[in-house]
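Each chain carries a letter (A, B, C and D) given by its place in the written order, and its residues are counted from 1.
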Amino acid sequence: MSFVKEVSSWILAGINGIIQTVEDQEVEKMIRKILEAKKDKILLLGTGRSGFVGRAFALRLMHLGFNVYVSGETITPALTPEDLVMVISGSGTTTTVVAQAEVAKAVGSKIVSVTSHPDSPLAKVSDEIVVVKGRSKIDQIFDYEGRQISGEYDNAPLGTMFELSVMVFLDAVIADLMHKLGIHEIDLRKRHSNTE
Amino acid sequence: MSFVKEVSSWILAGINGIIQTVEDQEVEKMIRKILEAKKDKILLLGTGRSGFVGRAFALRLMHLGFNVYVSGETITPALTPEDLVMVISGSGTTTTVVAQAEVAKAVGSKIVSVTSHPDSPLAKVSDEIVVVKGRSKIDQIFDYEGRQISGEYDNAPLGTMFELSVMVFLDAVIADLMHKLGIHEIDLRKRHSNTE
Amino acid sequence: MSFVKEVSSWILAGINGIIQTVEDQEVEKMIRKILEAKKDKILLLGTGRSGFVGRAFALRLMHLGFNVYVSGETITPALTPEDLVMVISGSGTTTTVVAQAEVAKAVGSKIVSVTSHPDSPLAKVSDEIVVVKGRSKIDQIFDYEGRQISGEYDNAPLGTMFELSVMVFLDAVIADLMHKLGIHEIDLRKRHSNTE
Amino acid sequence: MSFVKEVSSWILAGINGIIQTVEDQEVEKMIRKILEAKKDKILLLGTGRSGFVGRAFALRLMHLGFNVYVSGETITPALTPEDLVMVISGSGTTTTVVAQAEVAKAVGSKIVSVTSHPDSPLAKVSDEIVVVKGRSKIDQIFDYEGRQISGEYDNAPLGTMFELSVMVFLDAVIADLMHKLGIHEIDLRKRHSNTE
């Protein structure tokens, strides 16, 4: 097997391990919050690769008929207390993301965060969190040397495992939402952009 | 007067000259199309600096309560024949923009373009155009040498005069729309993003 | 097991199957082209979720020290014949992406595409392709009914399997590039944005 | 004269008045900082319409050969103490912008801000500021009623006068930089994107 395929299998096994340890209760609460926001707005927050994962999820929520926005893009309307803010941040410490979550909190919007760290500043400002492991910004201080030697970081550097796990996990959440809303793939096609 | 201020005044005089030569009828038709799209969707198309001018306009349309989207951003839903596509392109020849306008045309959406060139491929695919001068991609072939010597291009290179003229012109269109819709600045504040 | 976890495992098994069928030779050629572009520029092309996957890859290439750009963002310089264009499109038919690839081809830049369809317009304009299955825009016409009944599409609608497979695959390519370039995770940290 | 043209002329006169009151010394210091960053990196910060104005400026800086980045886009490398951060914010209070400027300050990067408010949190964290009037977030509390009645806000709502003034002003700065660097329009064409 080529090195690329070997690493791929190793990454996929890692993702599966990470997703299987997510608390079912946290997932259920997140899905409930999303369904409750069907008549209101959902705003996705996240930077870097977590931001791209958030946008990929936002695009599917749009296909499902949700009224969804992405922070940092042109059209980001004012939040209200009825709206849902979904945040993706492995470390839970990204400056701008935490700053925006705090403002959303002050407005009264609901905040659901996906993060590796339940004790992070982001987790503290959130109404609900879904812990997805893989982003070791905090524990790296302790075990960095050992893991560095093992080369583990070089096969999935920085937040790679977190980002990939959340990407797959949120696509499974989309499948669950389709199920609960009685929406089929053929319905998504109708809302898919036809000008790209 | 400093050079920067001198150039600013020269640019502003140029913009005024350009805007005063825009056909009133074309402006009225554009405004009518925008008002007719109030219940449907508006999609802004444009690349580079024309794209930023389009986004600045889109943001204000959102503040006025329009359902507006920007091509290339995450949330760009499928177009329908009822929707309005607004295109900004000085040359009217930008590959991706013309390609998208053609797809929108095939869908049946209305297309209103702001361009310097009424004979461009973009103009041909448009239902209405507003000619705003300043982008000399075509005539440059003939008079480039003379204007290059005069240094005119160095004070407002490439599409600068077109982009600035359209930016000011579209903000005046916003004022007109506010007037016609009975919307005041205080209403805009309510829709202004509160999480940035 | 919850439905979300069940679907996640099903998706991950699917991704593994897809990646294991990628031709090693195609991957090697792609990696060689990337390494050859180390002194020049790399431009990522893609729209929608494929575009986000491309950006996630671009971000890592930047961390590895490549001079990389993303189409549609502010800073996209002129291409030269030495530059590499990497395109991600499952169907290989996306209008704007094909239009841009054709322009890049005319400039003389190298084009490497990741697509499900080796016979697509995109594949035809490419110097090298890496076939990653999962995007069934063409075969869907024939077997749509059968697969629709099986519900397969509802668990991974539209291009989901393609996008996720490419995301994981390209992260494995990053691991390979790190290996070949002798770069370690600690080097990436230095180039990671410190203002977000 | 049509209402749109009337408002355009009124806006342009306003912009000219605003630019003529900018302190020449502040402009000179800003230009010096930009020229000093020629070998290093420049990062543009700003949200909403100020962000679009910043991107339009960034695009021209790229055309002039500067190594420039825009916050919030994919490729935003780590800042160093040698780098220059340019911020555009009328109010000088935008949460995420101030948060990022503070991080950049901690890194040791130089910060030059364009703002209406020399006493704002943003101004305080900046090495140099250029005051461009037009954004009345603070004084509006006192005179809002009077100006609301006069309808002034409805012709140029929210930050319109600030954004347009900075857009024109920064294009005049580009002309000055071209002059000082001995760059002509024809040189810009070579760096202009050829794939859009």
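Here is the rule we use: contacts are C-beta pairs under 8 Å (C-beta built on N, C-alpha and C of every residue); 3 or more make two chains touch, one makes a residue touch a chain.
Computed from a predicted structure; not experimentally measured.
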- Message: Quick check: more C-beta contact pairs at A-B or at B-C?
- Response: A-B
- Item | Shared interface numbering between subunit D and subunit A [over half = same, under half = different] | same
- Using mean C-alpha positions as chain centres, tell me how far subunit B is from subunit D in Å, no decimals. 20
- Rounded Å distance between subunit B and subunit C, as computed from the means of their C-alpha atoms: 33
- Query: Per the centroid of Cα atoms for each chain, what is the distance between subunit A and subunit B, given in Å?
  - Reply: 35
- Two or more other chains are touched by the subunit D residues 47, 55, 59, 95-96, 100, 103, 192-193, 195-196
- Listed in rising order, the residues of subunit B that touch subunit A in the complex are 43, 55, 58-59, 62, 68-71, 73-79, 85, 100, 103-104, 107, 190-196
- Inside the complex, what are the residues of subunit B that reach subunit D? 1-5, 7-9, 11-12, 15-16, 19-20, 22, 24, 27-28, 31, 47-49, 52-53, 55-56, 59-60, 63, 94-97, 148, 153-158, 160, 163-164, 167-169, 171-176, 178-179, 184-186, 188-189, 192-193, 195-196
- Query: Which bits of subunit C are touching subunit B when the two form their complex?
  - Reply: 47, 72, 95-96, 99-100, 103
